[in-house]
Amino acid sequence: MAISARNRLEGAIQSVETDGIVAEVEIETDGGEVVTAVITKNSVDRLGLTEGDDVNAVIKATEVMIEDT
Amino acid sequence: MAISARNRLEGAIQSVETDGIVAEVEIETDGGEVVTAVITKNSVDRLGLTEGDDVNAVIKATEVMIEDT
Amino acid sequence: MAISARNRLEGAIQSVETDGIVAEVEIETDGGEVVTAVITKNSVDRLGLTEGDDVNAVIKATEVMIEDT
Amino acid sequence: MAISARNRLEGAIQSVETDGIVAEVEIETDGGEVVTAVITKNSVDRLGLTEGDDVNAVIKATEVMIEDT
Amino acid sequence: MAISARNRLEGAIQSVETDGIVAEVEIETDGGEVVTAVITKNSVDRLGLTEGDDVNAVIKATEVMIEDT
Amino acid sequence: MAISARNRLEGAIQSVETDGIVAEVEIETDGGEVVTAVITKNSVDRLGLTEGDDVNAVIKATEVMIEDT
(Lines give C-alpha, C1' and ligand atoms only; values in the text may rest on other atoms or scores of the structure.)
Protein backbone atom coordinates (compact mmCIF):
# COMPACT_ATOMS: atom_id res chain seq x y z
CA MET A 1 0.00 0.00 0.00
CA ALA A 2 1.37 3.41 -0.96
CA ILE A 3 0.52 6.66 0.77
CA SER A 4 0.41 10.17 -0.69
CA ALA A 5 2.74 11.59 1.99
CA ARG A 6 5.90 12.44 0.04
CA ASN A 7 8.51 11.85 2.70
CA ARG A 8 9.47 8.39 3.88
CA LEU A 9 12.75 8.21 5.74
CA GLU A 10 13.88 4.65 6.36
CA GLY A 11 15.56 3.87 9.66
CA ALA A 12 15.41 2.04 12.96
CA ILE A 13 13.84 2.94 16.29
CA GLN A 14 16.35 4.31 18.81
CA SER A 15 13.96 4.88 21.68
CA VAL A 16 10.30 4.77 22.63
CA GLU A 17 9.00 6.80 25.59
CA THR A 18 5.32 6.51 26.46
CA ASP A 19 3.40 8.69 28.88
CA GLY A 20 -0.34 8.30 29.17
CA ILE A 21 -1.95 9.18 25.85
CA VAL A 22 1.16 10.22 23.93
CA ALA A 23 4.47 8.67 23.05
CA GLU A 24 7.75 10.05 21.76
CA VAL A 25 9.67 7.86 19.36
CA GLU A 26 13.17 8.57 18.10
CA ILE A 27 14.25 7.06 14.81
CA GLU A 28 17.79 6.97 13.45
CA THR A 29 17.48 7.19 9.69
CA ASP A 30 19.70 5.16 7.37
CA GLY A 31 21.33 8.52 6.61
CA GLY A 32 22.39 8.82 10.25
CA GLU A 33 19.95 11.56 11.24
CA VAL A 34 17.65 11.35 14.27
CA VAL A 35 13.96 12.10 13.62
CA THR A 36 11.54 12.49 16.52
CA ALA A 37 7.85 11.63 16.24
CA VAL A 38 5.08 12.31 18.74
CA ILE A 39 2.30 9.80 18.17
CA THR A 40 -0.31 8.23 20.44
CA LYS A 41 0.58 5.41 22.85
CA ASN A 42 -2.29 3.51 21.25
CA SER A 43 -0.39 3.58 17.93
CA VAL A 44 2.82 2.40 19.62
CA ASP A 45 0.90 -0.58 21.03
CA ARG A 46 -1.07 -1.23 17.81
CA LEU A 47 2.15 -1.30 15.73
CA GLY A 48 4.09 -3.02 18.51
CA LEU A 49 6.91 -0.48 18.19
CA THR A 50 10.07 -1.26 20.13
CA GLU A 51 13.72 -0.26 20.07
CA GLY A 52 15.57 -1.67 17.07
CA ASP A 53 12.52 -2.06 14.84
CA ASP A 54 12.98 -1.13 11.19
CA VAL A 55 10.45 1.64 10.41
CA ASN A 56 9.81 4.59 8.12
CA ALA A 57 9.33 8.16 9.38
CA VAL A 58 6.46 9.43 7.22
CA ILE A 59 5.87 13.17 6.76
CA LYS A 60 3.42 15.03 4.48
CA ALA A 61 5.23 17.62 2.33
CA THR A 62 2.94 20.41 3.51
CA GLU A 63 4.29 19.88 7.06
CA VAL A 64 7.93 20.50 6.12
CA MET A 65 9.38 23.97 6.59
CA ILE A 66 12.68 25.31 5.29
CA GLU A 67 15.21 27.29 7.27
CA ASP A 68 18.05 29.05 5.51
CA THR A 69 21.40 28.71 7.30
CA MET B 1 17.45 31.72 17.32
CA ALA B 2 16.22 28.27 18.22
CA ILE B 3 12.81 26.85 17.41
CA SER B 4 10.78 24.28 19.32
CA ALA B 5 10.31 22.05 16.26
CA ARG B 6 12.33 18.94 17.10
CA ASN B 7 13.46 17.90 13.65
CA ARG B 8 16.09 19.80 11.70
CA LEU B 9 17.62 17.89 8.83
CA GLU B 10 20.61 19.66 7.34
CA GLY B 11 21.08 19.52 3.58
CA ALA B 12 21.13 21.39 0.29
CA ILE B 13 18.37 22.35 -2.11
CA GLN B 14 18.11 20.03 -5.11
CA SER B 15 15.24 21.75 -6.87
CA VAL B 16 12.70 24.53 -6.50
CA GLU B 17 9.46 24.49 -8.49
CA THR B 18 7.07 27.40 -8.08
CA ASP B 19 3.52 27.60 -9.36
CA GLY B 20 1.36 30.55 -8.39
CA ILE B 21 0.89 30.59 -4.62
CA VAL B 22 2.75 27.38 -3.75
CA ALA B 23 6.21 26.00 -4.30
CA GLU B 24 7.70 22.52 -4.04
CA VAL B 25 11.27 22.34 -2.79
CA GLU B 26 13.38 19.19 -2.71
CA ILE B 27 16.25 18.99 -0.26
CA GLU B 28 18.98 16.36 -0.24
CA THR B 29 19.91 15.87 3.39
CA ASP B 30 23.51 15.37 4.48
CA GLY B 31 22.42 11.78 5.11
CA GLY B 32 21.61 11.38 1.42
CA GLU B 33 17.82 11.33 1.76
CA VAL B 34 15.51 13.55 -0.29
CA VAL B 35 12.92 15.52 1.70
CA THR B 36 10.15 17.39 -0.12
CA ALA B 37 8.56 20.55 1.29
CA VAL B 38 5.49 22.39 0.03
CA ILE B 39 5.72 26.01 1.14
CA THR B 40 4.43 29.28 -0.30
CA LYS B 41 6.14 30.97 -3.27
CA ASN B 42 6.26 34.06 -1.08
CA SER B 43 8.53 32.19 1.34
CA VAL B 44 10.77 31.00 -1.49
CA ASP B 45 11.18 34.63 -2.58
CA ARG B 46 11.53 35.97 0.98
CA LEU B 47 14.29 33.46 1.80
CA GLY B 48 15.76 33.70 -1.71
CA LEU B 49 15.82 29.89 -2.00
CA THR B 50 17.68 28.51 -5.00
CA GLU B 51 19.25 25.22 -6.06
CA GLY B 52 22.43 24.45 -4.11
CA ASP B 53 21.58 26.55 -1.05
CA ASP B 54 22.46 25.04 2.32
CA VAL B 55 19.21 24.77 4.30
CA ASN B 56 17.52 22.81 7.09
CA ALA B 57 14.28 20.88 6.63
CA VAL B 58 12.34 21.69 9.82
CA ILE B 59 9.51 19.43 11.00
CA LYS B 60 7.45 19.55 14.20
CA ALA B 61 7.49 16.15 15.99
CA THR B 62 3.67 16.00 16.08
CA GLU B 63 3.68 15.95 12.26
CA VAL B 64 5.84 12.81 11.96
CA MET B 65 4.12 9.45 11.56
CA ILE B 66 5.67 6.01 11.82
CA GLU B 67 5.17 3.14 9.42
CA ASP B 68 6.31 -0.35 10.33
CA THR B 69 7.98 -2.18 7.46
CA MET C 1 2.52 -2.04 6.28
CA ALA C 2 0.74 -0.23 9.09
CA ILE C 3 1.02 3.47 9.87
CA SER C 4 0.69 5.24 13.20
CA ALA C 5 -1.95 7.68 11.90
CA ARG C 6 -5.09 6.64 13.79
CA ASN C 7 -7.72 7.49 11.22
CA ARG C 8 -8.24 5.45 8.09
CA LEU C 9 -11.54 6.01 6.37
CA GLU C 10 -12.16 3.51 3.58
CA GLY C 11 -13.89 4.76 0.45
CA ALA C 12 -13.65 5.47 -3.26
CA ILE C 13 -12.41 8.48 -5.18
CA GLN C 14 -15.21 10.75 -6.41
CA SER C 15 -13.08 13.33 -8.16
CA VAL C 16 -9.49 14.38 -8.78
CA GLU C 17 -8.63 17.97 -9.72
CA THR C 18 -5.02 18.83 -10.37
CA ASP C 19 -3.56 22.28 -10.78
CA GLY C 20 0.18 22.71 -11.09
CA ILE C 21 1.83 21.51 -7.86
CA VAL C 22 -1.29 20.67 -5.88
CA ALA C 23 -4.32 18.45 -6.34
CA GLU C 24 -7.70 18.24 -4.64
CA VAL C 25 -9.15 14.76 -4.25
CA GLU C 26 -12.64 14.01 -3.01
CA ILE C 27 -13.33 10.63 -1.47
CA GLU C 28 -16.75 9.19 -0.66
CA THR C 29 -16.26 7.03 2.42
CA ASP C 30 -18.05 3.71 2.83
CA GLY C 31 -20.10 5.57 5.44
CA GLY C 32 -21.37 7.93 2.75
CA GLU C 33 -19.41 11.01 3.84
CA VAL C 34 -17.27 13.08 1.47
CA VAL C 35 -13.69 13.77 2.64
CA THR C 36 -11.51 16.25 0.76
CA ALA C 37 -7.72 15.94 0.63
CA VAL C 38 -5.21 18.43 -0.73
CA ILE C 39 -2.08 16.56 -1.73
CA THR C 40 0.61 17.16 -4.36
CA LYS C 41 0.02 16.39 -8.04
CA ASN C 42 3.20 14.35 -7.85
CA SER C 43 1.48 12.04 -5.32
CA VAL C 44 -1.60 11.74 -7.55
CA ASP C 45 0.65 10.64 -10.41
CA ARG C 46 2.86 8.40 -8.24
CA LEU C 47 -0.21 6.56 -6.82
CA GLY C 48 -2.03 6.72 -10.16
CA LEU C 49 -5.17 8.05 -8.46
CA THR C 50 -8.28 8.22 -10.62
CA GLU C 51 -12.03 8.44 -10.13
CA GLY C 52 -13.50 5.20 -8.78
CA ASP C 53 -10.31 3.93 -7.14
CA ASP C 54 -10.71 2.27 -3.75
CA VAL C 55 -8.57 4.27 -1.29
CA ASN C 56 -8.25 5.17 2.38
CA ALA C 57 -8.34 8.75 3.69
CA VAL C 58 -5.58 8.77 6.32
CA ILE C 59 -5.51 11.42 9.05
CA LYS C 60 -3.24 11.77 12.09
CA ALA C 61 -5.28 12.13 15.32
CA THR C 62 -3.48 15.35 16.27
CA GLU C 63 -4.92 16.97 13.13
CA VAL C 64 -8.56 16.32 14.06
CA MET C 65 -10.51 19.08 15.81
CA ILE C 66 -13.90 18.80 17.49
CA GLU C 67 -16.78 21.20 17.07
CA ASP C 68 -19.77 21.02 19.39
CA THR C 69 -23.09 21.42 17.61
CA MET D 1 -20.16 30.56 11.96
CA ALA D 2 -18.50 28.67 9.11
CA ILE D 3 -14.87 27.58 9.05
CA SER D 4 -12.59 27.11 6.05
CA ALA D 5 -11.65 23.53 7.05
CA ARG D 6 -13.25 21.41 4.34
CA ASN D 7 -14.04 18.29 6.30
CA ARG D 8 -16.81 18.15 8.87
CA LEU D 9 -17.91 14.65 9.82
CA GLU D 10 -21.04 14.65 11.94
CA GLY D 11 -21.27 12.11 14.73
CA ALA D 12 -21.43 11.44 18.45
CA ILE D 13 -18.71 11.06 21.06
CA GLN D 14 -17.98 7.43 21.95
CA SER D 15 -15.29 8.05 24.54
CA VAL D 16 -13.21 10.77 26.13
CA GLU D 17 -9.89 9.95 27.81
CA THR D 18 -7.97 12.78 29.45
CA ASP D 19 -4.43 12.64 30.75
CA GLY D 20 -2.76 15.81 31.97
CA ILE D 21 -2.50 18.28 29.10
CA VAL D 22 -3.92 16.11 26.31
CA ALA D 23 -7.11 14.20 25.69
CA GLU D 24 -8.11 11.51 23.23
CA VAL D 25 -11.67 11.64 21.96
CA GLU D 26 -13.29 8.99 19.80
CA ILE D 27 -16.24 9.97 17.63
CA GLU D 28 -18.56 7.57 15.81
CA THR D 29 -19.60 9.36 12.65
CA ASP D 30 -23.14 9.14 11.30
CA GLY D 31 -21.58 6.96 8.61
CA GLY D 32 -20.54 4.44 11.27
CA GLU D 33 -16.81 5.16 11.15
CA VAL D 34 -14.72 5.88 14.26
CA VAL D 35 -12.55 9.02 14.10
CA THR D 36 -9.98 9.71 16.82
CA ALA D 37 -8.93 13.23 17.79
CA VAL D 38 -6.11 14.28 20.09
CA ILE D 39 -6.92 17.72 21.50
CA THR D 40 -6.03 19.48 24.75
CA LYS D 41 -7.81 18.67 28.03
CA ASN D 42 -8.48 22.40 28.28
CA SER D 43 -10.57 22.15 25.09
CA VAL D 44 -12.48 19.13 26.43
CA ASP D 45 -13.35 21.16 29.55
CA ARG D 46 -14.07 24.39 27.62
CA LEU D 47 -16.48 22.57 25.25
CA GLY D 48 -17.78 20.34 28.05
CA LEU D 49 -17.30 17.25 25.88
CA THR D 50 -18.77 14.03 27.23
CA GLU D 51 -19.81 10.63 25.91
CA GLY D 52 -22.93 10.81 23.75
CA ASP D 53 -22.54 14.47 22.73
CA ASP D 54 -23.38 15.30 19.12
CA VAL D 55 -20.23 16.82 17.58
CA ASN D 56 -18.42 17.33 14.28
CA ALA D 57 -14.91 16.02 13.58
CA VAL D 58 -13.28 18.93 11.72
CA ILE D 59 -10.20 18.35 9.54
CA LYS D 60 -8.36 20.77 7.20
CA ALA D 61 -7.99 19.27 3.69
CA THR D 62 -4.22 19.77 3.72
CA GLU D 63 -4.02 17.33 6.65
CA VAL D 64 -5.69 14.44 4.79
CA MET D 65 -3.49 11.86 3.08
CA ILE D 66 -4.54 9.17 0.62
CA GLU D 67 -3.51 5.56 0.71
CA ASP D 68 -4.19 3.29 -2.25
CA THR D 69 -5.43 -0.17 -1.26
CA MET E 1 -20.70 26.46 17.71
CA ALA E 2 -17.37 26.20 19.49
CA ILE E 3 -14.32 24.39 18.14
CA SER E 4 -11.54 22.68 20.08
CA ALA E 5 -8.79 24.64 18.30
CA ARG E 6 -7.37 26.84 21.05
CA ASN E 7 -6.31 29.85 19.02
CA ARG E 8 -8.84 32.29 17.57
CA LEU E 9 -7.37 35.62 16.55
CA GLU E 10 -10.05 38.16 15.66
CA GLY E 11 -9.35 40.49 12.76
CA ALA E 12 -10.27 41.62 9.27
CA ILE E 13 -9.21 40.38 5.86
CA GLN E 14 -6.49 42.50 4.24
CA SER E 15 -6.15 40.58 1.01
CA VAL E 16 -7.34 37.46 -0.77
CA GLU E 17 -5.27 35.93 -3.59
CA THR E 18 -6.62 32.87 -5.35
CA ASP E 19 -4.78 30.66 -7.79
CA GLY E 20 -6.39 27.47 -9.02
CA ILE E 21 -6.98 25.14 -6.08
CA VAL E 22 -5.37 27.22 -3.32
CA ALA E 23 -5.80 30.71 -1.94
CA GLU E 24 -3.66 32.91 0.28
CA VAL E 25 -5.54 35.14 2.71
CA GLU E 26 -3.94 37.82 4.86
CA ILE E 27 -5.71 38.87 8.03
CA GLU E 28 -4.85 41.89 10.16
CA THR E 29 -5.67 40.93 13.71
CA ASP E 30 -7.26 43.35 16.15
CA GLY E 31 -3.83 43.38 17.80
CA GLY E 32 -2.31 44.79 14.60
CA GLU E 33 -0.46 41.64 13.52
CA VAL E 34 -0.74 40.13 10.03
CA VAL E 35 -1.55 36.41 9.90
CA THR E 36 -1.37 34.52 6.60
CA ALA E 37 -3.54 31.50 5.86
CA VAL E 38 -3.31 29.11 2.91
CA ILE E 39 -6.71 27.51 2.40
CA THR E 40 -8.52 26.14 -0.65
CA LYS E 41 -10.18 28.46 -3.18
CA ASN E 42 -13.30 26.38 -2.64
CA SER E 43 -13.35 27.54 1.00
CA VAL E 44 -12.86 31.17 -0.04
CA ASP E 45 -15.90 30.84 -2.33
CA ARG E 46 -17.96 28.82 0.18
CA LEU E 47 -17.37 31.44 2.94
CA GLY E 48 -17.57 34.32 0.45
CA LEU E 49 -14.34 35.79 1.84
CA THR E 50 -13.44 39.27 0.61
CA GLU E 51 -11.26 42.16 1.70
CA GLY E 52 -12.58 43.90 4.80
CA ASP E 53 -14.56 40.94 6.14
CA ASP E 54 -14.43 40.42 9.90
CA VAL E 55 -13.01 36.91 10.47
CA ASN E 56 -11.11 34.79 12.99
CA ALA E 57 -7.77 33.12 12.23
CA VAL E 58 -8.16 29.67 13.83
CA ILE E 59 -5.11 27.59 14.72
CA LYS E 60 -4.84 24.27 16.61
CA ALA E 61 -2.36 24.52 19.53
CA THR E 62 -0.38 21.52 18.29
CA GLU E 63 0.46 23.51 15.12
CA VAL E 64 2.09 26.41 16.99
CA MET E 65 5.87 26.39 17.43
CA ILE E 66 7.94 28.64 19.68
CA GLU E 67 11.11 30.45 18.69
CA ASP E 68 13.30 32.05 21.34
CA THR E 69 14.61 35.46 20.33
CA MET F 1 18.30 32.28 10.30
CA ALA F 2 14.94 32.70 8.59
CA ILE F 3 12.26 30.06 8.33
CA SER F 4 9.66 29.56 5.61
CA ALA F 5 6.75 29.55 8.08
CA ARG F 6 4.88 32.76 7.27
CA ASN F 7 3.52 33.64 10.69
CA ARG F 8 5.73 34.94 13.46
CA LEU F 9 3.85 36.63 16.28
CA GLU F 10 6.17 38.39 18.70
CA GLY F 11 5.29 38.25 22.37
CA ALA F 12 6.22 37.06 25.85
CA ILE F 13 5.53 33.79 27.64
CA GLN F 14 2.62 34.02 30.10
CA SER F 15 2.73 30.47 31.37
CA VAL F 16 4.44 27.11 30.86
CA GLU F 17 2.75 23.89 31.99
CA THR F 18 4.65 20.64 31.48
CA ASP F 19 3.25 17.14 31.89
CA GLY F 20 5.37 14.17 30.91
CA ILE F 21 6.14 14.32 27.20
CA VAL F 22 4.11 17.42 26.30
CA ALA F 23 3.95 21.02 27.44
CA GLU F 24 1.43 23.80 26.99
CA VAL F 25 2.83 27.28 26.61
CA GLU F 26 0.76 30.46 26.54
CA ILE F 27 2.19 33.51 24.84
CA GLU F 28 0.78 37.03 25.05
CA THR F 29 1.56 38.65 21.73
CA ASP F 30 2.64 42.27 21.45
CA GLY F 31 -0.84 42.83 20.00
CA GLY F 32 -2.37 41.67 23.30
CA GLU F 33 -3.69 38.32 22.07
CA VAL F 34 -3.01 35.01 23.83
CA VAL F 35 -1.67 32.21 21.63
CA THR F 36 -1.41 28.66 22.99
CA ALA F 37 1.21 26.20 21.76
CA VAL F 38 1.48 22.49 22.54
CA ILE F 39 5.10 21.43 22.10
CA THR F 40 7.23 18.73 23.70
CA LYS F 41 8.67 19.13 27.22
CA ASN F 42 12.02 18.34 25.64
CA SER F 43 11.72 21.53 23.55
CA VAL F 44 10.77 23.57 26.62
CA ASP F 45 13.93 22.33 28.34
CA ARG F 46 16.13 22.66 25.23
CA LEU F 47 15.04 26.30 24.71
CA GLY F 48 14.94 26.97 28.45
CA LEU F 49 11.47 28.51 28.14
CA THR F 50 10.15 30.25 31.24
CA GLU F 51 7.51 32.82 32.10
CA GLY F 52 8.41 36.30 30.87
CA ASP F 53 10.72 35.18 28.07
CA ASP F 54 10.47 37.11 24.81
CA VAL F 55 9.55 34.61 22.09
CA ASN F 56 7.85 34.29 18.70
CA ALA F 57 4.83 32.07 18.07
CA VAL F 58 5.63 30.50 14.68
CA ILE F 59 2.85 29.02 12.52
CA LYS F 60 2.99 27.65 8.96
CA ALA F 61 0.35 29.31 6.73
CA THR F 62 -1.12 25.95 5.71
CA GLU F 63 -2.07 25.36 9.36
CA VAL F 64 -4.20 28.52 9.66
CA MET F 65 -7.95 28.25 9.11
CA ILE F 66 -10.44 31.08 8.68
CA GLU F 67 -13.78 31.38 10.41
CA ASP F 68 -16.31 33.95 9.24
CA THR F 69 -18.06 35.74 12.11
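A, B, C, D, E and F label the chains in the order they appear, each numbered from 1.
Note that a contact is a pair of C-beta atoms (placed from the backbone, for glycine too) under 8 Å apart; a residue touches a chain by one contact, two chains touch by 3 or more.
These are the chains along with the protein names UniProt gives them: A, B, C, D, E, F = Molybdopterin-binding protein.
Just so it is clear, the structure is predicted and the values come from calculations on it, not from any experiment.
Shared contact partners of chain B (Molybdopterin-binding protein) and chain E (Molybdopterin-binding protein), listed by label: C, F.
Of all chains, the one whose Cα centroid sits at the greatest distance from that of chain E (Molybdopterin-binding protein) is A. Looking for a copy of the D-F interface in B-E, B-F or A-C, one arrives at B-E, which has over half of the same contact pairs by residue number. Chain centres here are Cα means. That of chain A (Molybdopterin-binding protein) falls 23 Å from that of chain F (Molybdopterin-binding protein).
Here the spacing of chain E (Molybdopterin-binding protein) and chain F (Molybdopterin-binding protein), counted between their Cα centres, is 17 Å. The distance from the centre of chain B (Molybdopterin-binding protein) to the centre of chain D (Molybdopterin-binding protein), each centre being the mean of the chain's C-alpha atoms, comes to 29 Å.
Touching two or more other chains at once are residues 1-6, 20, 22, 24, 36-40, 42-43, 47, 49, 58, 60-63, 65-69 of chain B (Molybdopterin-binding protein).
In summary, the structure contains touching chain pairs A-B, A-C, A-D, A-F, B-C, B-E, B-F, C-D, C-E, D-E, D-F, E-F.
Across the interface of their complex, chain C (Molybdopterin-binding protein) is touched by residues 1-5, 20-22, 40, 42, 60, 62 of chain E (Molybdopterin-binding protein). Looking at the complex, you find that chain E (Molybdopterin-binding protein) touches chain D (Molybdopterin-binding protein) at residues 1-6, 37-40, 42-44, 46-47, 49, 58, 60-62.
Contact residues on chain C (Molybdopterin-binding protein) toward chain E (Molybdopterin-binding protein) in their complex (touch as defined above): 17, 19-20, 22-24, 36, 38, 62-63, 65-69. Contact residues on chain A (Molybdopterin-binding protein) toward chain B (Molybdopterin-binding protein) in their complex (touch as defined above): 3, 5-10, 24-25, 27, 29-33, 35-39, 43, 47-49, 53-69.
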